[in-house]
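The following pair of complexes shares a single chain, chain A, combined with chain B in the former and chain C in the latter.
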Partner chain A sequence: MINTLEQMFSKIVYYSPYERPFYFILLGVALIPLIIQLLRGNRMMWYQNILTLTFLWLSFSGPNARQGIALILYVLWQTVLVYAYFKYRQQRNKSSVFYVAVALAILPLFILKLFPFLANQTMLLEHNPQLRFIPMTIGFLGISYLTFKAVQMIMEIRDGVIKEYSVGRYIQFLLFFPTISSGPIDRYRRFEKDLLHPPSKETYVEMLSSGLNMIFLGFLYKFILGNLLGTQLLPRVQDFALQRENLFLGLLGTMYVYTFYLFFDFAGYSLFAVGVSKLMGYDTPINFNKPFLSHNIKEFWNRWHMSLSFWFRDYVYMRLMFTLMKKKVFKSRVVASNVGYFVLFLVMGFWHGLTWYYIVYGLYHATLICLTDAWIRFKRKHKKQLPSNMWTKGLSIVLTFHAVAFSFLIFSGFLDTLLKTIF
Partner chain B sequence: MSSRRKLFLAIGPFVLALCLLGGIFLLPSTKMKPAEKTMEKASTSMSVNVIKGNNLKNTAMANPYYVPFFGSSELSRVDAFHPSVLAEKYNRPYRPFLLGAAGTQSLSQFLMLQSMSKDLKGKKAVFIISPQWFVDKGVSKEMFALYYSPLQTYQWLMNVREVGDNEKYLAHRLLQFPNTRKDTTMKTLLKQIARGERLTPTQLKMCETSSKVLIREDELFGHLGLISKDYKIKQKLKQLPDAYNLQSLDQLAFEQGKKQTKGNPYEISNSFYRKRIAPIESSLKNSQEDFDYTRSVEFADFQVVLNEMAKLHMDVMFIIPPVNQKWMDYTGLSPEMLDTFSHKITHQLNSQGFRHVADFTYKRSEPYFMEDTIHLGWRGWVAVDQAVEPFLTNTEEKRMSYRINDDFLTSDWQKSPYPANDR
Partner chain C sequence: MEQKDVQELLLTILEELTGTDEVREDLDMNLFEEGLLDSLGTVQLLVEIDGQCGVTVPVSEFNREEWATPRKIIEQVVAMKS
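Here is the complex of A and B:
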């Protein structure tokens, strides 16, 4: 009996979302009933919930069971927290309570990110080996993205734009499985609208078509281009740099290859997430819009990992600017905006991880954006003296691309590896 | 367009793609053997694709002419006395096939070794042990990632027949690296072996499927982008006298060393000194006083290598290079510590029946033995040749008798400050 059960379980395969082509076959089959009903204009909520649980189970049990437990605990934590804050907000609206609520929502992620850093810096772990289990018990794939969702919830409750709190819908929002591991970061009010109002038959046929299209483009991006760049080309150019036949060429190659690898891998993943959402009748926002055709850094951030930059714009930058202006901390708008950018990109750097290259990456982008702003102001004043034509446009696209590619070289951590081989 | 037609247009390509995909999988794999010329190039390239792949190195190993030289960065110090140059110049009956690069340590060496198991049975090999590998935590995540080969890891999983201490240790160790954990299937299988359970027939099938794709990839791309050292070697060939004579060779090595290390007080090659030392020289003074190569996980990782060599009845010459004495005096690296390291590793080798150890630890103050701080060069290579040449040209059949002792996997051995803890 136990043996047959064991046999059965050993036949089960576990995948993190979109990990391998076989995941798509499973997903495709499982989606068929949902698609048929949506083609008739109905959404089978009960089936969608079962589907969600099944695919979460596929990614968060078996070898990842520990993460599964962490996920459950995390969702409990956020649900209770948001519920408590919602109840409070209906009575009163004190800033301090709001800040505490936001801090509590970020707390699990904060501990997780801070921990390896603390562990390296102090002798803490040497003396308390049991502390090693803390990050292991709270971490799971996608915790950052769930945190973004939870924090926006608290902020919008404070703003008073979320007037109703449904525990069930909030959990569905958090655990929407197509986007659970790496976004795109949806907005609660948008998601709730889709959830309550399934698309019309006509709209859905179009969603189905564009969804399938996206998934296939995703295959090309992630499994073909991203995979070739990441597993074949990247190791070779890195090797070239490491063996120091020609360090400069090696680094240049690494910069280009890593940049395109990062794009195709992540944009491919995002296409999967948005495509699958569409098959399920949800309009998850897109994440990439031809980012390498941007003609300045500001535009780049409106086209690259868009749901993240919009989240940072709406919930960090705008709010900070508002506070800074209201309290008149800085006399000049320009200074305030520059400070805002540095805060935004530093937070983003810290979010990626507490290592020098993520922080430098953040500072680099903040500097570039401030310079871009200064340049735009300068251009406005000297409109007549400065040429603007096809060539200057092209030049600005090439320059922007290289500025960005260099930032990804920093971001890749390869410089760190290289330094370690030298010394 | 009618909605039926729209639906057809949406789903049609999807069905077609599935058929195509099925076709590709069902196609028989054609064995593609690399050309003789490619293998010759690969033998000195030390490229990452040679290390991670199978096709090139395994085909070479099947040929008795090629002898594997396992090592790391020292292998890339190609001067006139490098093993590849000497073998070519004096028309030896063997050619070194260099396996390793800056950053490969025991774990990467093991994965390579077992991936060639079919072709290495009873073969001779040379293995250069760098004391610098034996830092507290062993190989770093970044270095392991550079040379990590999913193909070879799946191959190991498929070939595990019995799960003993060695397999449990290795599975546990591999799970400490993000590369293996990212692949959910691999994580599942490694966890199972770490628990002491064998893989089920279904799981073995899964490994086979995964490795089939990787083998195909290796056959298609493995030979592309080899960095060849041919040119360098041809240049060096001209510097050597036509007739082999040890004394004149050593004399020549002395003179070349002397000529190329004039610009600094450490007898370090000028170009290395200029690029890697001079810019930070003062910060390196006494910087290595606390370095300890006598307590390290690497001892257990290395034991896994020995275990595999014993299993394959290989006859291996181990080489332990020294550290440049003049440089040690400057950085404060302890000679006593290095002596202890040499005793400890020699004990691990000898007590298990590995008899061929060329230990150069005490040659540290020999002039022009080292090309730079820690890498063999000039007279060092001549000395290596003195050990390697008779070992490889002696064709007398010998039965290896190894007595593998799993105690060398334990953390007791890793941490034991040999020989204080009397064994």
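Here is the complex of A and C:
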């Protein structure tokens, strides 16, 4: 009896979110009671909490148990931190305390990102192998995304727009399992509104159908297109490029295939995350809106990994610009704005990882955006002399796509692999 | 400052920021969809509101939907002032 139970558990415990068909079957069945209640206009909070714990357990137990412990420690850290800052903010509002609170919220992720870099540079681990426990105790799948949720909380408490702190709701926000591994990054006030006010029956019927549509479109994106591109086509074009018979063609092929692979894989995942949220009666924001039809880079960032770029827009760029402009640090608005873009994209690069190609990817996008802004200003002044028709619009879409695809070639790290085979 | 003055002040700020007097004529036009305001424009608007109207609007209070038109902007600032 115990043996069969053990066998049963050993079959189900190792599921990363949205990876295997069995995860979807399990999730589908487990969601039924919740869906039935939502169709009657009720949100079964207790059931949702059990569901959350169950699915987190599925993803963070067994071989991933270490990550599970790291997740628990992380949530504890953030909950206490936000609690302490909230209590402080009700009495006072010093900038220095705010900056320390933000730094403490980022600290676990910062250590995790810095550690492999330091270890590589200084042979730290060779001399002190016991230090390996540091990344192992801190890291878990999704820590980058939870950090965005934690930091926005501190910032909105500072701004005084979060007037009440409910530990329970904050934990539910952090641990909302459909989006835990890779977003989309929700906003606390938006999430809390959904949590407290379940959708009306009519609205929920629409959410249910669009959620199911999204999940099936996600299957097409991630498991068919993304899988074909990523496991079949990508290794072939990469091999071709590495042989260096026709390096240009090889790199071009890698660039196109990787770009579409990245899109279908990540957009597919995001469709699952948003679709499952909808089945649970939550309007998690979407992440992709036909990004490859953008006319310029600015528009691209409003359509690609949207919850991330909006987060950076609202919590990094706009806040920084507000301070810079209010204190008149730069005389020219253009200079201030360009500095803001470089800060934003460098932070985004570092967030991806402390590797040269992520940093170059960030700098490249910052440069493109500054150039785009300059071009838009030029266009405004010379409106009459410049043609604007179907052809120029088509051309701008093609150009934007290629500028973006090239950035993903940098991002993919393939150039690093290639360079290492040459030198 | 009376509500009328706030309105006049905000419309002047918007006029300067967007470079068009359409904002005065059509109070319900969507400034973001028309491409008249972007994130930089928004920040400039908030800095001007802070300096000229004496109302500090935190960046996280700013929500594109709730601040989309000249009328909505006026309403928000008037509400925050009182």
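Please note the rule applied: the second predicted complex is superposed on the first by the 411 of 423 C-alpha atoms of A that agree within 3 Å, B and C clash if a C-alpha of one lies under 4 Å from a C-alpha of the other, contacts with A are read in each partner's own complex, and residues count from 1 in each chain.
Everything that follows uses one rule, which is that a residue touches a chain if its C-beta (ideal position, glycine included) is under 8 Å from a C-beta of that chain, and two chains touch if they have at least 3 such contacts.
What you see is a predicted model, and the numbers here were worked out from it, not measured in a lab.
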Superposition-derived comparison: chain B or chain C, residues of chain A touched = B
Could you look at A:209 and tell me whether it touches chain B, chain C, both or neither (first, second, both, neither)?
-> first
Which of chain B and chain C A:62 touches, first, second, both or neither | first
Mind working out whether A:231 is in touch with chain B, chain C, both or neither, as first, second, both or neither?
-> first
Could you say whether A:160 touches chain B, chain C, both of them, or neither, answering first, second, both or neither?
-> second
Based on the superposed arrangement, let me know which partner A:387 touches: chain B (first), chain C (second), both, or neither?
-> neither
Check whether A:421 is in contact with chain B, with chain C, with both or with neither, and answer first, second, both or neither.
-> first
Dual-contact residues of chain A, meaning touching chain B and chain C, are none
Please name which positions on chain A make contact with chain C in the complex.
-> 152, 155-156, 158-161, 298, 313-315, 317-319, 321-322, 325-326, 333, 337, 340
In the complex formed with chain B, which residues of chain A make contact?
-> 7, 10-11, 13-16, 19-21, 39, 59, 62-64, 201-202, 205-206, 208-209, 212, 216, 231-232, 235-236, 238-240, 242-243, 245, 413, 416-417, 420-423
Quick one: which bits of chain B touch chain A in the complex? Just the residue numbers, please.
-> 3, 6-7, 9-11, 13-14, 17, 21, 46-49, 52, 73, 76, 101-103, 140, 142-143, 146, 182-185, 187-188, 191, 200, 202-203, 206, 217, 221, 224-225, 227, 276, 280
Complex contacts: residues of chain C adjacent to chain A | 38-40, 42-44, 46-47, 50-51, 58-62
